[in-house]
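A, B, C and D are the chain letters, set down in written order, and residue numbers restart from 1 in every chain.
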Amino acid sequence: MTNEEIKAYISSHLPEASFDETGEWLNIIIPPTSLRSIATVLLGQPMQMNFLFCLTCVDNKTHLTMVYHLTSMKNRSINIVLKANLDRQNPVIDTLSDLWRTAEFHEREVFEMFGVNFTHHPDLRKLILEDDFKGFPLRKDFEDPINMIKL
Amino acid sequence: MFLKDYITDVFNGVSSLLKGMRKTGYYFTHGKEIITEQYPDNRATLKLADRFKGEVVMPHDENNEHTCTGCTACELACPNGTIKIITKFDITPEGKKKKAIDAFIYRLEMCTLCNLCITACPSDAIKMSANFEHSVFDRSKLTKVLNKPGSKIKEGIE
Amino acid sequence: MLSLESITKTTQDWLLAKFNPTIALAMECAIVILLAITLFAILGLVLVLLERKVAARIQIRLGPNRVGPGGIFQTAADTLKLIMKEGLTPDTADKFLFNLAPFVVMMVAMLLLAPIAFAKNFQIWDINIGVLYISSISSLSVIGILMAGWASNNKYSLLGAMRSGAQIVSYELSAGFAVLTIVVLTGSLQISEIVAAQQNGWWLFKGHIPVVIAFVLYIIAVTAETNRAPFDLAEAESELTAGFHTEYSGMKFALFFLAEYINIFIVCAIGATLFLGGWMPLHIGHWEGFNHIMDYIPSSVWFMGKTFFLIFIIMWFRWTFPRLRVDQLLNLEWKYLLPISLFNLLLVTVIAIMGWYF
Amino acid sequence: MYNQTDIIKDTTNLGPEGELVVNMGPQHPATHGVLHLVVTLNGETIKKIEPHLGYIHRSIEKMCESLTYRQFIYVTSRMDYLSSHINNTACALLVEKGMQIEVPERAKFVRTILNELTRIASHELWIGAMAMDLGAFTPFFYAFREREMITDIMEDTCGARLTMNYIVPGGLMYDIHPEFQTKVKAFIKQFKEKVTEYEDLVTGNIIFQSRTKGVGVLSAEDAISYGCSGPVARASGVSCDIRKIAPYDAYDRVEFDEIIETEGDSFSRYLVRVKEMNQSIRIIEQLIDNIPEGEFVGKTKNVLKLNKGEFYQRVETARGELGVYIVSEGATTPHRIKFRSPGFSNLSVLDHIAKGSKIGDLMATMGTLDLVIPDIDR
């Protein structure tokens, strides 16, 4: 599938999706509410993007962006980057942990590092930090009282 | 055949175990295969790789001169603030002010030996030495001043 | 010639001449206890060092080499350290059983020393049911281990102790059957008679293949019974940190450690007695000259040599093989060792009845 | 602070049906490093495994946000410290991609050789540690003997044994040691002789086989769904070698086979790694005599600034697919950097494949997943 075909295919399912081809791979920017539906489309035939190899979040100061890197084990040359912009004050997005099992751990990491709430996540707890840790360390406005780097 | 399988099972199992025992038995009887180095005893003959990164040193020549201009390139290159350079102004014989280092402070306890300061240095004033025996009883001894007292910059280095 | 036999005889004669028989017996008992404790201490030191040296040679390194020449005082230094360490008792442990357990294990090891013939006519107690005594007492050590595991109130200890229980109960069987083959051939349970029966050749050579099989089974079974690798499930350190002695420290730990090595020595000594002729020198058929030379080597040297050879084999096992899983351990016993040893016993019985051995 | 009663309550932590909760780690002989597994047992059978991470979390991603593109490479050596060269390569490749730096051929060849040596060293250590988990101590020392030769080569050329920081954006920090080629050849010779020892001691051993065969079976679908990569996924029959899919450095110029086993159990994970070492030797043999002469570092600016945009670089470490994702705002430091570490995804599969097996099997399963804890926590 070429990028044009993928764009046409995605647009037919989700007209409001926008595309960005400046990077190495095709970026699809979608509203967070339609994440699950588009994920199901990507996972099913004919795309079969069954390998979620990276799941992370980027703090863009004005908003948070969830970034999903997807590829198909059938054809590893097709890579898709799925992006969803979230509100910084109350970031909420659907979980993908039932579609890709690897998302369960990655979402827990994003939850504690960025404070993104994943609805319907089976076990949304802190994974790396201690339970009583306050704040979201990877957000840009996080200030560590003991900063080892800026000595 | 059940019994035949049973006997071959036992036989194969025992022979695989004996093979392993033969290997360990070989090493037990061959003492010359021992490879451990007797570290504190072989200090005299110990040879480290000439590129081994042990600590940052500043070489001085016989006139107690170094080549550090105090440009702070190494301080900027250091990822974790190991190096701190304090500069002063020397008065040259012509009466001009010239920038020179007062103290090249190197904190070994923070150094990750990444070699970035060495590559950043424009005048090859610092280098890595192969010394690896760094343990001291007092942590403050790990903060070192690399330029020797009374040392000055070599002629012709800008 | 000065031999252990003559020393004991002169001592006894002297005691009986000086004191009345009761006091003489009491003094003999005291000497025996003293000797046994000394033997324990020396064996512990020697065997631990030996194990570390064997392991080092197999693993292409030198092993302990700092304390004393070649590191011979290393274990003495370790013992000193363990004595000086604080013996902690966990708050929630069953304190009485917790403190009792190492002594139970130690006591069992000591009791087993009684019927062993160390040299010609040098035996503490030549009981007429010697072999039966050994197999019954040796199964008691599991009580100490279970006690330690239960009383520690620690999950690792509990799991380790339960594993140890299952293991020793199963492997008792094939060890027993292996011992039984020799009893069948000799027709006696007494240690001195078993040794005497090997006057003209060791059972391992006299008894054809069935005795060789029994010997192999015996070595495997006692390796398991003493909780040695590859059967060290009770203290599998990658699974249960230290198994049943996780909570023990200081001298109480040292007692467990010592008992493990004493147990190895004892099972190997019994193996040497039953299969390799105990203190009997190596005699080959009608080579009179050869046999005569062999007789010049003292019987205690023969006994110790054979025992340490078996100990070395068990150490060799330990540093070569991975550990078995708990269900595989029981499979090995019930599916392989037990049927083979039962069949083997039958074979030996036939041989013994028909007199087909040398 | 805990008080006395809390501890007592905690130690008698029995579940509703008499389940036993056992802590494996953070200080436990089998969890290399500080992995903490809370294992729920029923007798000897595992009912649930819950990993607790973060004991060695240093927030490398946050640290990198304040380091320049030259500086941040050294930090990545501390992630997966057993394949530090490969981590460094990933970062250097990413900076090169972001700035369109031309890398000289010589640097590419040397990088590839060093990466493969690192992979062998990592697998050697893994074989030893894995055998140790299963109770065999001796293979550890034999494996370390060969690994020692590699670390000596690294020491000669890079100046360090574990965290080399030899690879810089644009090529190498300095040229290879004059004796580099002869030493690598000597290593290949010794390795080929000694690799049969592992066959005798470990692979063929009946106890080892029965401990690992059919233990921790991972199906291909699950491997993909859980995001497994590297030898773990390849043992389940998933083709996922980045060196084949998206070749970097000199990998497109060498011939090698991607090792794929189909069983998916611990034994096939073991086999994949052993065979991979032989493939690495094959790659090195093809390259070692053909290192081209020339520059070892390309022309770079003094201050590195990535173009505005997003960059992603995948490399194949000894543990699987390492992805570095950088969001650049055009400054000297990255805006956001994410390391997609292979161990993190491989760990998440542990509960799934070890459930229902014995506690001894957990060691075999965990050992063959080849977890490096700083890689997981970052």
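Going forward, contacts are C-beta pairs under 8 Å (C-beta built on N, C-alpha and C of every residue); 3 or more make two chains touch, one makes a residue touch a chain.
Only a predicted model underlies this, so the values are computations on that prediction, with no experimental measurement involved.
Novice: Using the stated contact rule, I'd like to know whether C-D or B-C comes out ahead in C-beta pair count.
Specialist: C-D
Novice: Starting from the Cα centroid of chain D, hunt down the chain whose centroid lies farthest away.
Specialist: C
Novice: Taking the mean of the CA coordinates per chain, how far is chain A from chain B in Å?
Specialist: That pair's centroid distance is 42 Å.
Novice: Could you work out how far the Cα centre of chain C sits from that of chain D, in whole Å?
Specialist: 45
Novice: Centre to centre, by mean C-alpha position, how many angstrom separate chain A and chain C?
Specialist: Inter-chain centre distance comes to 64 Å.
Novice: State, to the nearest whole Å, the distance from the C-alpha centre of chain B to the C-alpha centre of chain C.
Specialist: 51
Novice: Where does chain C touch two or more other chains at once, residue-wise?
Specialist: In chain C, 58-61, 319-321 touch at least two other chains.
Novice: If a residue has to touch 2 or more other chains to count, which residues of chain B qualify?
Specialist: As it turns out, chain B has residues touching two or more other chains at 17, 20, 23-24, 35.
Novice: Would you please write down the residue numbers of chain A that are in contact with two or more other chains?
Specialist: 149 - these are the residues of chain A that touch more than one other chain.
Novice: For chain B, which residues are in contact with chain D within the complex?
Specialist: 12-13, 16-17, 19-20, 22-24, 35, 48-49, 51-53, 77-79, 112-116, 119, 128
Novice: Which stretch or stretches of chain D touch chain C in the complex?
Specialist: The contact residues of chain D facing chain C are 4, 7-8, 11, 20-22, 28-30, 41, 44, 131-138, 140-142, 145, 201-202, 205, 207-208, 210-211, 358-363.
Novice: Within the complex, which stretch of chain C touches chain B?
Specialist: Contact set of chain C toward chain B: 54, 57-62, 316-317, 319-321, 336, 340.
Novice: Spell out the residues on chain D that touch chain A in their complex, using ranges where they run on.
Specialist: Listed in rising order, the residues of chain D that touch chain A are 53-54, 57, 59, 61-63, 66-67, 97, 222, 224-227, 229, 238-240, 245-246, 309-312, 314, 321, 323, 325, 327, 335-336, 338, 340, 344-345, 347-348, 352, 377.
Novice: Note which residues of chain C are touching chain D in the complex, please.
Specialist: Residues of chain C touching chain D: 55, 58-61, 91-92, 153-156, 159, 163, 229-230, 232-233, 236-241, 319-328.
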